[in-house]
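Let me give you the structure first, and then I'll get to my questions.
A, B, C, D, E and F are the chain letters, set down in written order, and residue numbers restart from 1 in every chain.
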């Protein structure tokens, strides 16, 4: 089964994808019941990027980026590459040449559970990357992997065509079929939050806004003036 | 004892707090005999912030931010929230809504031995955070903790009302009663360093400025021309 | 052997050193056969710096920066300090005073397998540092180490006078005698990459540019339309 | 979807499961093309156990073991519990009471991407556990999760009814439908290895047994007498 | 304040200390409301030890074990040494000579947030240690610390004379004044658990023993036969 | 230079090697001035082994164990294999077949800055291993490395023919030419320690045995009865 490139994958609609990007990782993750988040060690190489796109997945051998070259041919505009090595690896699979090629095909960014390099070039190009680490250590092109097969990346299951949302808070995966639904739940959440935000700005407390005082008392919360004698 | 909110805490004077902020973490930490530093994994979400404030402490269950809502009511202008989960946790306890509410009450920032989220919003709001990690994974509101009890946060003991100083070098805790004394020791240190800095700028060596040559010879330091034959 | 300062070391020519800086870590590392890279946990304190220089090495006891003071006297313009503690340590060996003194002597930056502090000052001074961590925890001046002896720093062997290249991708060491050769190999590499980059910008694929299709088929790569039935 | 207990799952035949246990993790993992391995941080609480069983999966909130109680009712003889918290957690979800209950229902062991406790009791009971860590820190029973849904545990996708194989080398997951096939591939591998082992015991080299010399020469391997002059 | 040895400390009664040892870490930790646990990275050097004793605390500079020598004079029978370096350190502070001396004075074991060495000798002597790591790297005797001052060790506050309980599950601290109370709460807990254990051995489920079914239904738990269609 | 096998290396005398094994890692490391120690994450797969031997070094690509096969031919009785991947790797390079082959040639054990597998078999064979981790994930045989070239392994420089000493405390490297000298220094150390041990067993304190009291007073150590008022 290793050594397979799946060429046709279903993708979510662009409008949905872009809507999810605007909502951001924290909101989308809450909206889908706190599932699909990658591990917090996945960090952006520069601050401020917020993207979404359809996952083109790569299952790659450790220290071997041959399949990345293969996967780039499968990219369509607004796709995001997702690279999952089959064993823990910190090598730099991806640099400015691959980014140039991917960007030329409309790729919006890279998610990789390993290392990348050429950070300064990638930053100047505006090609965002979320990775486990940065490493100048290159990779070889000796063994096959697969493209567009299901992978586990940084603790999250990703199927080709799933929507990836990534920003300064991390990376979350939305199942393609659920994307429209999650978008509308995310927007509801945003509206609700906008209202709360206004009240908080005026100095109201979440204890009142969210009506928590009763339940806290029930649980036994005690307000005391000063610390009890030891 | 869990489930207690202590409402009245002593705080240091504003002038002392602000003086400590200007001195910064490294100087204050030296001035108080190299004590009170939190672990180096506590990193700011953006570079350049330098704050000090009175600690409002939160002992919170892992993955449960209910007590943060409770604590915000206890905030006074120039306080700093200090959140210590009772077991290791990377969840995102705090985001832009809580920050909005805390900032509305004059809170200067957050120190948390766990995760936070909405990094981009917090950065835009100028609400500085020092945390163990960033994670979009939210928390629940199911169990009580306590507010303004003594906590251990990232290896440092913090009592409510202690002065927290935080900048790009990390986070240090100053006991409230010692704050005035530590401030004056910090300033002495700064003056002394300013003088040394000028001499170093002119090219003088610390070997001479700090009179180290004699002691080095005593200890047996040898200057040789080239590496000895192996 | 501890307690030795070697005063005369050979250095590479400035033109070679500066040429290596322009090539950057990833290119130089590839050009010398993927050797000499420090561990990926060595991170710059601010983004964007790219330097090269001759290594002045320091073998220091854990938590003791006395030998850094000694080493600064040995610095010549365009040198880089390389500090390797003899056991794992996260203390802040180096701050703005030492940086002022080192910079006054023409030092271009610091590589340290431990902590540093005064990050904000160092950033404002434009004194770049690659370190294991940031820590306000200071060090003592009680025990001798050595200067300009061979050290292992973050997994890489460094001899005094070796060329250090450091940028956002990490830190690589080039043996002094090989520096000229590695520079010319790096430049060849850059030229070749520049040509590839142009082709990728035009939308060509590395599969064709690098002629990979035949070898992929030989290895058994299969292109399928859709995922096979489970 | 959170809050679901799937009661009927398909399981592999006992003979197949027990056959896989005898082959062990390294052999099974090789036989299925180096897939399905959990992260190496998953370590056994005592040395020497080697088990296989059908996965009863638990998706649990961080710091909350309520669903473990629910899952135990679903256990059948020779099942293995697989607990995956929905965010990183080191709390002790499982101790001797739950182990007593699970063992009473024929459960063969536990795989958990979090902490466990009562190590001494579990060892005396002969109830093997592979976990991320050991922690006496208990959990609460406040939020729902799910039982027998697909989970990602320590980097590996696990479906209920998949065969888990665990020994001193770690934990590997075999898809239920492929279990018979993987068992026969594992046995082939074992036979082949037995023959190689005999030859190695007699002093033969893998260079000859596996006929590597030609390929090494082709790749350019050079045998030299002594180290070249530097 | 650094450089102080407090010679007279209050200790808990031997009967209470020994009672807590028999209960073990997990039970004691639960009995005192899940507080006082050290970080899970504190591991025993050999399996099976279970001890309790009065804390003789050492605040030590990183890489300097001079104060351990000083502290040994303060030991009384059934005390436990607790060593907390003032900054993160992995050096080996303690080996078989210090253990011989400590054991000769009746010391029951060592808790250290750093490294130790001579593991084989300590194991043969039956001198149990819980440490952050093992390291042959020795320490110096150059700087003062303090003995029997309050310390934070692996995330837990320890005062001299507090009761330390340690076993394969980790290390927990009990305040001296609360020790008698915690012991009786621990024993209640043990009795209750003994009864539950018997019921679990007979095959009863915690769902019934602890009466959870109603609350689970209330929360919305759903039992389904098979996985829902995707 | 990659792709070289150096066939003739100098080795230390067997009597010296075996003498160093008997002294153990902590003593040898002290005797040679606290140098040459590998990082503390290098742990034995089973407790109690204590070996020494001549290093046969392997510089291997990440995830590729081809050169291990090549190196085994170079082994002579009482050698120890030292494997250093050229970038961080946790794959299992080595298992029972390679161990069988190495043991057949008189190899005494393996030091590897990566993963190994077949832990149970290796333990039963009495083939000791010190490794970064255990992982069933296998490696490929696609790229060349080198044998008997200098390597950096877990932070320590190792030349072929250096003496490796390994036990429960870790791994230390002794330069071949210094081995005889280090052995005699180690023995002196042992004799001195034996005398101290006897005195400690009788209850004497290191404060007196090593005459520390004067220097402690000089440094300002204060003995007080009870904790000072806060």
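FYI, contacts are C-beta pairs under 8 Å (C-beta built on N, C-alpha and C of every residue); 3 or more make two chains touch, one makes a residue touch a chain.
Values in this document were obtained by computation on a predicted structure and should not be read as measured data.
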{"item": "Graph separation of chain A and chain E (steps between touching chains)", "value": "2"}
{"item": "Other chains in touch with both chain A and chain C", "value": "B, F"}
{"item": "Pair of chains joined by more contacts [C-beta pairs], C-F or D-E", "value": "D-E"}
{"item": "Interface residue overlap between copies chain A and chain D, same or different (over half shared)", "value": "same"}
{"item": "Geometric centre distance via CA averages, chain E-chain B, whole Å", "value": "28"}
{"item": "Chain D: positions in contact with at least two other chains", "value": "34, 37, 40, 86-88, 90, 135, 137, 143"}
{"item": "Each pair of chains that touches, named by its two labels", "value": "A-B, A-C, A-D, A-F, B-C, B-D, B-E, C-E, C-F, D-E, D-F, E-F"}
{"item": "Chain D - residues contacting chain E, complex", "value": "3-9, 46, 66, 69-70, 72-73, 90, 92, 95-98, 100-101, 104-105, 115, 117-120, 123, 133-138, 141, 143-144, 148-149, 160"}
{"item": "Touch list for chain B against partner chain E, complex", "value": "1-2, 33-35, 37, 39-40, 86-88, 150, 152, 155-157"}
{"item": "Footprint of chain A on chain C - complex, ascending", "value": "24-26, 29-30, 34, 37, 40-41, 43, 47-48, 50, 167-170, 172, 193, 196-197, 200-207, 210, 212, 216, 219-228"}
{"item": "Residues on chain F engaged by chain A in the complex (per definition of touch)", "value": "61-64, 86-91, 135, 137, 140, 142-143"}
